[in-house]
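Which chain is which? They are A, B and C, in the order written, and residues in each are numbered from 1.
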Amino acid sequence: MDPVVKIRVEGLTFRYGARTVLREVSALFLEGALAAIVGPSGRGKSTFLMALNRLWEEVPGAHAQGRVWVRLDGRERLVSDPSFPATELRRRVAMVFQAPNPLRMSIFNNVAFPLKVMGQRNKRLVAQEVEGALRRAFLWDEVKDRLDEDARRLSGGQQQRLCIARALAAQPDVLLLDEPTSSLDARAAGVIEDLLLTLKRRCTLVVVSHYLEQVERLADQVYEVAHETLEILS
Amino acid sequence: MSRRERLVRKILGTATLCAAALPLSILIFMLILARPLLSSFSVSDLLTGSWAPLQGRYGILPMMVASFLLASCSLAVSFPVSLGCAGLIFGLTPPMLAVPLRRLVQLMTGFPTVVYGFVGVFLLVPTVRHLFHAGSGRCLLSALVPLSLMITPTMTLFFSDAFAAVPRPILLAAAAAGADPVQRFVWVVIPSARRGLAAGLVLSFGRALGDTLIALMLAGNAAQVPSGFLESARTLTAHIALVIAADLQSLEFASIFLCGMVLYVLTSCAALCAWKMRAATRKNSR
Amino acid sequence: MKRIWPWAVRCGCYAAGLWIVSGAAGVVGFVAWRGLPHLNAQLLFGDVSARDALFGGVPVFDGLWPAVLGTVALVTGAVALAAPLGLATGIYLAEFSRGRLKEVLTVFFDVLAGIPSVVVGLFGFSVSLLLHKLVSPRLGPCLLVAAFSLMILVLPYVIRATQSALEEVPQEVRLTALSLGADRVQNLVWVLLPHSLQGIASGLLLAVGRCAEDTAVILLTGVVVTAGVPRSVLDPFEALPFYIYYISTQYGSTEELERGFAAALILLGVSVSLFALAYAVRRAVGSWALYRA
């Protein structure tokens, strides 16, 4: 069986003001695989992720051209299609940032936030989904007795897993991760790496990283950012 | 963009328009109500003439002179004081003193002007009367002291902000070159904060010009060009407060709208100048 | 010789500090010295007992009670008008406007902030003239007009506080909810506004303080010496700062003068505490107030 292409990028050019960060980038990401993007920092790796979920539109001065398709519900959708709301796209293509960014609310409310955004009011269902997401992020056992505590009281590694759980709560098809372990110690990073390997089964992962060993351990596909473009390594 | 987002945007935009219409409509109201006066006298006569309504002269020169004199003198007093206080807060004194001083200055911005005026009436006016044998004791000098005290705290905070915006590398470079704190303050901090200082000065001038109660309660309110600090004088603001009770149809009444316009234009110019200066600082620091 | 001028500069700074401290001490000390002995229930209610004045509806003639209530009504009205308009405008400026338009609007509100309060009062007075002419000859300067004028006076505070609090929200926080599929309105209501609550609250407190202390505006828009407890927004009213001003121009007896000092002390205390609270809120209110978004 041929692998299915989940994300297709063609001719993506990205600028901040007058500075071009990416030029004419093309890439393919396969469904159910973990793709890694490596390269020196400050060369547009994070920018590339923001182009996939259109988050760049919220960054003043950012400008993108080119086309990105994501395969959702069995058909390819053009990301920049005006009839495709950015909010829906961002629920299906979720993102985890480099530094853990829990919102100023309780652990429970953090994970429930995407459901609140979607307008889900059924409390029982929300509680189920939150528990499911926390379990999938290997966090449930650590926090099940303190769901009402401020999320910012968790440790760094726990916060990052909370952010992953939050991203998973809306059942996304794709999960984008921007150097998810770089602000953590080795042990916490190891937990997250294990987590990523299990998540691969449910969704497509695109991970930005600059730890080459980590990439070798985890990735099915590796791209390198160099000279304003992406080159495939393996 | 969702429908909800468009709706919210529309509501907020309408509110913004309403708020932005306020400064314009204030000016338009002043113009309309000052018209009886403007149609019977030329503007230059009004701005340079003397005030003698019984003889049919409605010039506001005495009030303009008094306003300017009072505002610039109080600025001249409070500028060095504010500079000194901001310097202390910036680091010329140990934090043990600087922090409480900053707190105090912040709290002083909350002193009601009417209280300054009240204290002036019962403390300063009798003192001035006894010391200088100056009539009632209500004169420019009596207004000058509390007015300068009133604008000092805001000016100090403006200056502190300007000092705090001086880039750290410059300070470190000066310290590395062996400059002591005072030398750093005088040679490095003040020059590089000069635009912020000027903006603070201009805004404080607007504030001094716009104060009503201190001048009304303490300056004596005689509508003549003052010839000294112990003379009674009437500012533009006090003139408005005094003449508001006049007959609505009279030209005297229309003159307060002319005063209002002059104040409006001057303070708007001050705000615009300050904005220009701050915009220039922002560009430089980028 | 070389060492003398830094020493002189330092001395000058200390002299400036001493001057400002003694100025503050002079004002507070003088008002407290003369006003403190007269702070009692009689000051507020005169010869009427507190219970009768509060619950019995007995009118108070020689106490500060009507002036205090007038000021409270005035502040409530002005802030109730200014808060929604100022919040909406601040949010629009920070979140929905860009480039040239934003710059022009910001300058507009800078200008509005600089207009002297007596000119704002004059505007309020002319609005009441207009109402008198167009709507009903019974209308004139009144509580409503004064509250409207004070609203104009404090609107820039609320706008600026809201705008800068929203603009200070860090980029990471701003993007978090958006990356989870929230639209801009959801992001605003659930993340950005809770995040900027402190800044907005301090702006509102400053606005309350300004309304309570300003005298020039109400001087032109319907304040009077005796009006009793405010009953209608279309009537003239009494207010604390005006009472202080009035006493300073004409007091009949030492008793009245003492009451004036006590009123000045009250106003000073209220105003300074509001400002202190505003600064404290901006610096240090922890997450307790913002815990549930």
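Everything that follows uses one rule, which is that a contact is a pair of C-beta atoms (placed from the backbone, for glycine too) under 8 Å apart; a residue touches a chain by one contact, two chains touch by 3 or more.
Bear in mind that the values here come from a model prediction, so they are computed numbers and not experimental data.
Peer 1: Taking chains as nodes and touches as edges, what kind of graph is this: line, ring, star, complete or other?
Peer 2: line
Peer 1: Pick the chain whose C-alpha centre of mass, unweighted, sits closest to the average of all protein C-alpha coordinates shown.
Peer 2: Given all protein C-alpha atoms shown, the central chain works out to be C.
Peer 1: Taking each chain's centre as the mean of its CA atoms, which one is most distant from chain C?
Peer 2: Following the centroid criterion, the farthest chain would be A.
Peer 1: If you average the Cα atoms of chain A and of chain B to get two centres, how far apart are those centres in Å?
Peer 2: Going by mean C-alpha positions, chain A sits 54 Å from chain B.
Peer 1: With chain centres taken as the means of their Cα atoms, state the distance from chain A to chain C in Å.
Peer 2: Spacing between the chain centres: roughly 47 Å.
Peer 1: At what distance in angstrom does the C-alpha mean of chain C lie from that of chain B?
Peer 2: Taking the mean C-alpha position of each chain, the two centres sit 18 Å apart.
Peer 1: Which chain C residues reach two or more other chains?
Peer 2: Only 183 qualify.
Peer 1: Of all the residues in chain A, which ones touch at least 2 other chains?
Peer 2: Counting only residues that touch two or more other chains, chain A contributes 85, 87.
Peer 1: On chain B, where are the residues touching two or more other chains?
Peer 2: Expected reply: 2.
Peer 1: Mind pulling up the chain B residues that touch chain C in the complex?
Peer 2: Against chain C, chain B makes touches at 2, 4-5, 8-9, 11-13, 15-16, 18-20, 22-23, 25-26, 29-30, 33, 80-85, 87-88, 92-93, 97, 101, 103-119, 121-123, 149, 152-153, 156, 180, 182-183, 185-186, 203, 206, 209-213, 217, 237, 240-241, 244, 248, 256-257, 260, 263-264, 267-268, 270-272, 274-275.
Peer 1: Name, in rising order, each residue of chain A that touches chain C in their complex.
Peer 2: 53, 55, 58-60, 85, 87-91, 94-95, 97, 99, 101, 103-106, 109, 113-114, 116-118, 150, 152, 166-167, 170
Peer 1: Could you please specify the touching residues of chain C with respect to chain A in the complex?
Peer 2: My answer: residues 98, 171-183, 186, 190-191, 194-195, 287, 290-293.
Peer 1: Would you tell me which residues of chain C are touching chain B in their complex?
Peer 2: That would be residues 6, 9-10, 12-17, 19-21, 23-24, 26-27, 30-31, 34, 84-86, 88-89, 91-93, 96-97, 105, 107-123, 125-127, 129, 152, 155, 159, 183-185, 188, 209, 212-216, 219-220, 241, 244-245, 247-249, 260-261, 264, 267-268, 271-272, 274-276, 279 of chain C.
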